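Down below is the structure, laid out as structure tokens.
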Amino acid sequence: MSSLSTAHVLVEALPYIRQFAGRTVVVKYGGNALAGTSEHDALALFAEDIVLMHAVGIRPVVVHGGGPQINEMLARLNIESSFANGLRVTDAATMEVVQMVLNGQVNPQIVSAINKLGNIAVGLSGEDGRTIQVTQRNEELGFVGEIERIRTHVIEGLLTDGLVPVLSTVGVDANGTSYNVNADTAAGAIAEALRAEKIVYLTDIAGLRRDINDAMSLIQRISINDLQSLIDDGTISGGMIPKIESCMQAVRGGVKSAHILDGRIAHVLLLELFTDQGVGTMITGAQ
Amino acid sequence: MSSLSTAHVLVEALPYIRQFAGRTVVVKYGGNALAGTSEHDALALFAEDIVLMHAVGIRPVVVHGGGPQINEMLARLNIESSFANGLRVTDAATMEVVQMVLNGQVNPQIVSAINKLGNIAVGLSGEDGRTIQVTQRNEELGFVGEIERIRTHVIEGLLTDGLVPVLSTVGVDANGTSYNVNADTAAGAIAEALRAEKIVYLTDIAGLRRDINDAMSLIQRISINDLQSLIDDGTISGGMIPKIESCMQAVRGGVKSAHILDGRIAHVLLLELFTDQGVGTMITGAQ
Amino acid sequence: MSSLSTAHVLVEALPYIRQFAGRTVVVKYGGNALAGTSEHDALALFAEDIVLMHAVGIRPVVVHGGGPQINEMLARLNIESSFANGLRVTDAATMEVVQMVLNGQVNPQIVSAINKLGNIAVGLSGEDGRTIQVTQRNEELGFVGEIERIRTHVIEGLLTDGLVPVLSTVGVDANGTSYNVNADTAAGAIAEALRAEKIVYLTDIAGLRRDINDAMSLIQRISINDLQSLIDDGTISGGMIPKIESCMQAVRGGVKSAHILDGRIAHVLLLELFTDQGVGTMITGAQ
Amino acid sequence: MSSLSTAHVLVEALPYIRQFAGRTVVVKYGGNALAGTSEHDALALFAEDIVLMHAVGIRPVVVHGGGPQINEMLARLNIESSFANGLRVTDAATMEVVQMVLNGQVNPQIVSAINKLGNIAVGLSGEDGRTIQVTQRNEELGFVGEIERIRTHVIEGLLTDGLVPVLSTVGVDANGTSYNVNADTAAGAIAEALRAEKIVYLTDIAGLRRDINDAMSLIQRISINDLQSLIDDGTISGGMIPKIESCMQAVRGGVKSAHILDGRIAHVLLLELFTDQGVGTMITGAQ
Amino acid sequence: MSSLSTAHVLVEALPYIRQFAGRTVVVKYGGNALAGTSEHDALALFAEDIVLMHAVGIRPVVVHGGGPQINEMLARLNIESSFANGLRVTDAATMEVVQMVLNGQVNPQIVSAINKLGNIAVGLSGEDGRTIQVTQRNEELGFVGEIERIRTHVIEGLLTDGLVPVLSTVGVDANGTSYNVNADTAAGAIAEALRAEKIVYLTDIAGLRRDINDAMSLIQRISINDLQSLIDDGTISGGMIPKIESCMQAVRGGVKSAHILDGRIAHVLLLELFTDQGVGTMITGAQ
Amino acid sequence: MSSLSTAHVLVEALPYIRQFAGRTVVVKYGGNALAGTSEHDALALFAEDIVLMHAVGIRPVVVHGGGPQINEMLARLNIESSFANGLRVTDAATMEVVQMVLNGQVNPQIVSAINKLGNIAVGLSGEDGRTIQVTQRNEELGFVGEIERIRTHVIEGLLTDGLVPVLSTVGVDANGTSYNVNADTAAGAIAEALRAEKIVYLTDIAGLRRDINDAMSLIQRISINDLQSLIDDGTISGGMIPKIESCMQAVRGGVKSAHILDGRIAHVLLLELFTDQGVGTMITGAQ
């Protein structure tokens, strides 16, 4: 690459680096986000981005779920799911597995990948310091939690100490009982509670498109008002809706912007944060 | 109780409270320590002691293992142990279970019991911030770690923020691979690295005795030199040896005292810390 | 005492210790409060309580008068009192004796008793930093002061430095003239000005009783509203009235509670502060 | 006075003001120092100097005795002195009077004079915080103390809070018994312990003279070495010796300079501190 | 001078020194102010006053112009002035000379005079940190600036570091173009922006007089309201008007007082600041 | 540019940004360095680099001379140079011009270019706070200074306040007389005194070459030992020697590295600082 091109990238990036220094960025990391490459490499690239963001003064918070891994362990333990009104029920045996897999399998894997590069990641669950306090959403669904309150003292303390919290979305109710919580929703709520600069969802799609079949129709930047129109007219539908609603809720709650990124692109976090054009969809407040 | 007796307890306790305020006390909590009562009540009493210690300014750090729970999960998953030279081998499949059970089952249970009383407990594994860095002890034994280095930055940060770290003793090597670590040894090493005031082992025996069959022969206080003599002459033997050696190593490394307590006694931590006589065996440096 | 009883005292006391750490407690110490034991022992026990309170982070302030000692010195110097409307007049010669005895005899005695245990007591008079500023109450009564303003900078400075102020209640007017001030009233005003947690009066009675002759009728806790009723219906009368009114004024002014204790009970301060039941009468705000 | 003369005083004074800002100056104030004017006016002028020194950032500490006032009170109480080897004995009855007069009469008078101008003076005795700890000098002399140790925590705390300590020289031994201490010696020891910039003795003589009868022979500045010669050759003798030895001891102990001033000159402290020439004798370290 | 007179000056000065410690005093220093003595001596005396003010904790800011020196350099470079409506036009060539002379000749001379006594002066122009931001007053007049905004961050930073800013009144517009700014106006605006205690104008007149020919009619103190009356009735007229209006504007903007002093009097700054009577005219807010 | 290339630049740059945050980089900016583009554009690009370095936490210090501009002004003022032993003499008239041009012309131009982008530049001369103290190098050469001492308090203060000092290399001797100082030498001495991370010389050559005629022989990195060999064997000669010796002296004095860069390359500072390869010659300590 020519030195002129290099200089151009730097001139473009440095003001963003300045702007985001000291700011909190919540990154929702999902198992499916990294389909295009081998899982290990994808995790290593993700960890590198987190460490580089941290190096230039950003305060990243990683939030993760782990659906596929939970399903696999349920199968190994021959725990069959019951259903209520067509929805899967999280009974006590299932909840025990959820907790084990998220806290004892997925979380340490992400922590370890980051710590190979810097000893800065600390795994948390929503039970630590009762960070994610929930109520039962619905008796029939069992241990599925509705977020009642986010406590930020543990996360804030770790951030102040220069550490990177990696949070599994197990919640706890007022009696100390554990619940499963939707990770997309939890990520948004945490970003809001932390007054984060950004909430970033790493997915396995290339951002939002006006026409799902047309790569050229990627929406680079959209306000929450316009986004509501796209939901209303059916442009956005299906599985994206909960994620999008978490984005909108976070932005309404004070997060400066929400981002839907394609986790399969190498260094997608850096490209989105430090270039003018970005590579995914950025959702901002009403203008 | 008469007001005179009450006053006597207070007059005795207050100077200890003053003396230990701001000091770090590492408590090794083992599954077998609580045999005399129902497990749940024992855990609740233990949690109450931790919260009361924290209330008067002590900085408790809880370290735990979880042997019985690991064995149970191995059985459920039909994972059979292989052996090398008569010792159980921790292969990859076993290690995965160790990590899941310690971080995802035992740790959240302790955290939750404490947080019912105060939102101050934060679960950690030795992988967080690479707190427990290990090397492989022996290739034949598989993923069994020998402690190489304790990093205290995560624990210290949490303590400074007024939180109570609850640490599972999973370690990690320089390449990010996870290892099982002996919890007694790890607790001692952590107390040493934290320059703790005390390391307390909660066990299911009533402290050290000169004659194992004579309850009146309890050793209330002993120096590490005299303790060595007791090992040399066979008074102490068998399963107590590793725990005792962890005590001696910690005291040699600067911890003011190590304590062997009977975890089955209600509020044993308070009784040991805040009364002149104590209730177990206190091990101090050479005099 | 059994370890269970001991544990019970500790479990009860530790939350109070946490709650009162860093809080200011004003203790009015009167010469007559200690009748049941030899004076010297009573003073030593009192000093021990003050030092133990200080040890666990409470900030005690001792306020004292010294009527009997003043009378004795007046007699030795053959100074006879004149009277106005039946009240004793504090003329210049008397005032000189008041000042000498309070600052030069009683105050050093209390300071010295505390300092035998810790070098933390510092004697003050209300003239230091013009802490107690007064106006003349009544020309006929001579140098008897009415409190106009409490300045807290000297006391606050000493408390911040970890010291225990011991204050004699000599006041000073705007011209620098010294006045005698009622010690009960001064203690209440100082507690109010310091926004103290508690004002404690050590007396020679066993708290307030509904029936003065019935020890079982001790009032353990009462609001200032109910107390007013007891004054109105004559249950409380005579010499207790000024003390009670100082209590009520202090509580109205923001002090959390006022306590009437029997100074003849050993360690009465500890028993009142650190047990659920207490041993005297606690006066709280309207509920 | 012409503006040129005024400007000259200011140009000369400002560098001293800068130089002494933040420095501690111990002033020994003796009853006899103020003979030339009415006592009240002299005290008011002295108080004004202390307040002005304080205003420009100097940290003054006043140390006083009170011999004449003690003698008067002993007479009023008909306490006769016994003698041992020709020296007056301080028995228990006498010591009680010493304490009362110094702490309860002389000290409040000085405190009050300063506080008329600023609410900054705080009276202390050497018993407060066990500031002056002594041993008995000699059993026959009774309660006459030899300084064993000066504790500065109370004085330093008050200075840091912007207050002016006024210290009576009653000392206390390890058992809490009170002793009389020579005020000149105590002032020097306190200056040394505080690492003061200066110790100033206000006396009723016009500084040191080479020829006691020749006002022109005033010694303006002398080193401790040359001063020793003057003692050795008899130029200095009699009652000045103890004061001079306290000066020499203080300077040897690190005080920058000691000053013998004529307390009868109005504003003598300001003239000595803030003019090139000074008005008394300044004693400095060996050069 | 007698020690009584000296004491009198000190007693009078010390309270002012206390009062002004930590306060900012802006001094407008004009080339013509020092006519009565040789320029070098006047500058040295001025520098001494600034250093002495600084020594006792005042934060002086020097603001200067340099009309005569600019004229001389224009002549040396044969740059002739054009005129518009009878006013001199600052064209580009002239502006270049203004900048060179103020920043490169007058400013270093003042800085150097102060630094001979203390290494505390730092030369600034209004372009540094864009301290003086202007707009063009009038196209015909060329590079003559009207003050739009004063930024104080550079000056405040230097003051906090204990340095003395010496500021030439070159301003800069939003595009980075340099402009000449009236020094009297700039000094007043800077005092206002700094919330200074005082703005002092050193002139070559002996303060304001009610009758210009009568030295005895000097106005020692006047409010801005009364001053307006003197302008309205013609007592003040001509060249003094702009200076007086800068004073009034500064006082209206929060500066406590403005002073018109005769710069030809030695140490005039000290005499005005530290004596009751002062030597010039002090302008205060409406009363 | 592809997103992969962009990501590559960022991944490479971010660690340097982290590494240099909070470090001081001294940049010697010379008039001749910018020959390849129009002067104005070059200055604007240079200013942009300084502002971007500042944005990511580097503390830049700009040092400049101004030979061509001085010569032009000498010509306009018809000041002819005299010579001593073939060297130009800086007489008083010349020195006056040096000071005017550096402080009043070149310095404001650089300050203004930076401040268009951020209000952070503050112009200084070596006389401010007596930053550059000199002695006369040689009487015959007149006002040519040899650096005796660098004072860093003014520069450090501005850096701490987040400002960018722009320093002209006029020095001052102990008597306050101004001297001309070689800017290359001064830049090196300032970097050394500031314990800077780097000293960067912007020149009009493309770094050091082993063969001056072979662009491919550019030396990218060399130790001061190897550099000495190149001087000894004549590879480096002529006008580069003083600059190189300033580099070597700075590195010996503790500056981590010195850089010779081609100021004609756009954004050369960013390319050198934030890429692995750099674009000029980097001189490091002996290895």
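A, B, C, D, E and F label the chains in the order they appear, each numbered from 1.
The definition used in the following text is that a contact is a pair of C-beta atoms (placed from the backbone, for glycine too) under 8 Å apart; a residue touches a chain by one contact, two chains touch by 3 or more.
Per UniProt, the chains are A, B, C, D, E, F = acetylglutamate kinase.
Predicted model, so just to flag it, every value in this text is computed and none were measured.
Trainee: On the document's contact criterion, could you list the chains that touch chain C (acetylglutamate kinase) and likewise touch chain F (acetylglutamate kinase)?
Mentor: none
Trainee: Most remote chain relative to chain E (acetylglutamate kinase), going by C-alpha centroids?
Mentor: That would be chain B.
Trainee: What is the distance, in whole Å, between the centres of chain D (acetylglutamate kinase) and chain F (acetylglutamate kinase), each centre taken as the mean of its C-alpha atoms?
Mentor: 60
Trainee: Can you check how far apart chain C (acetylglutamate kinase) and chain D (acetylglutamate kinase) are, centre to centre, with Cα atoms defining each centre and the answer in Å?
Mentor: The computed centroid separation for chain C (acetylglutamate kinase) versus chain D (acetylglutamate kinase) comes out at 35 Å.
Trainee: Counting in whole Å, what is the centre-to-centre distance of chain A (acetylglutamate kinase) and chain D (acetylglutamate kinase), each centre being its mean C-alpha position?
Mentor: Once rounded, the distance between the two centres reads 72 Å.
Trainee: Which positions in chain E (acetylglutamate kinase) touch two or more other chains at once?
Mentor: Within chain E (acetylglutamate kinase), no residue contacts more than one other chain.
Trainee: Once you've mapped the touching chain pairs, tell me: line, ring, star, complete or other?
Mentor: Drawn as a graph, the chains make one closed cycle, so a ring.
Trainee: Name the chains in ring order, counting from chain B (acetylglutamate kinase) in the direction that reaches chain C (acetylglutamate kinase) next.
Mentor: Counting round from chain B (acetylglutamate kinase), the next being chain C (acetylglutamate kinase), yields B, C, D, E, F, A.
Trainee: Can you list the residues on chain C (acetylglutamate kinase) that touch chain B (acetylglutamate kinase) in the complex?
Mentor: So the residues of chain C (acetylglutamate kinase) touching chain B (acetylglutamate kinase) come out as 1, 3-11, 13-15, 17-18, 21, 48, 52, 55-57, 265-267, 270-271, 274-275, 279.
Trainee: In their complex, what parts of chain A (acetylglutamate kinase) are in touch with chain B (acetylglutamate kinase)?
Mentor: 76-77, 96, 99-105, 107-108, 111-113, 115-116, 119-125, 127-130, 151, 153-154, 157-158, 160-161, 163, 170, 172, 175-176, 178
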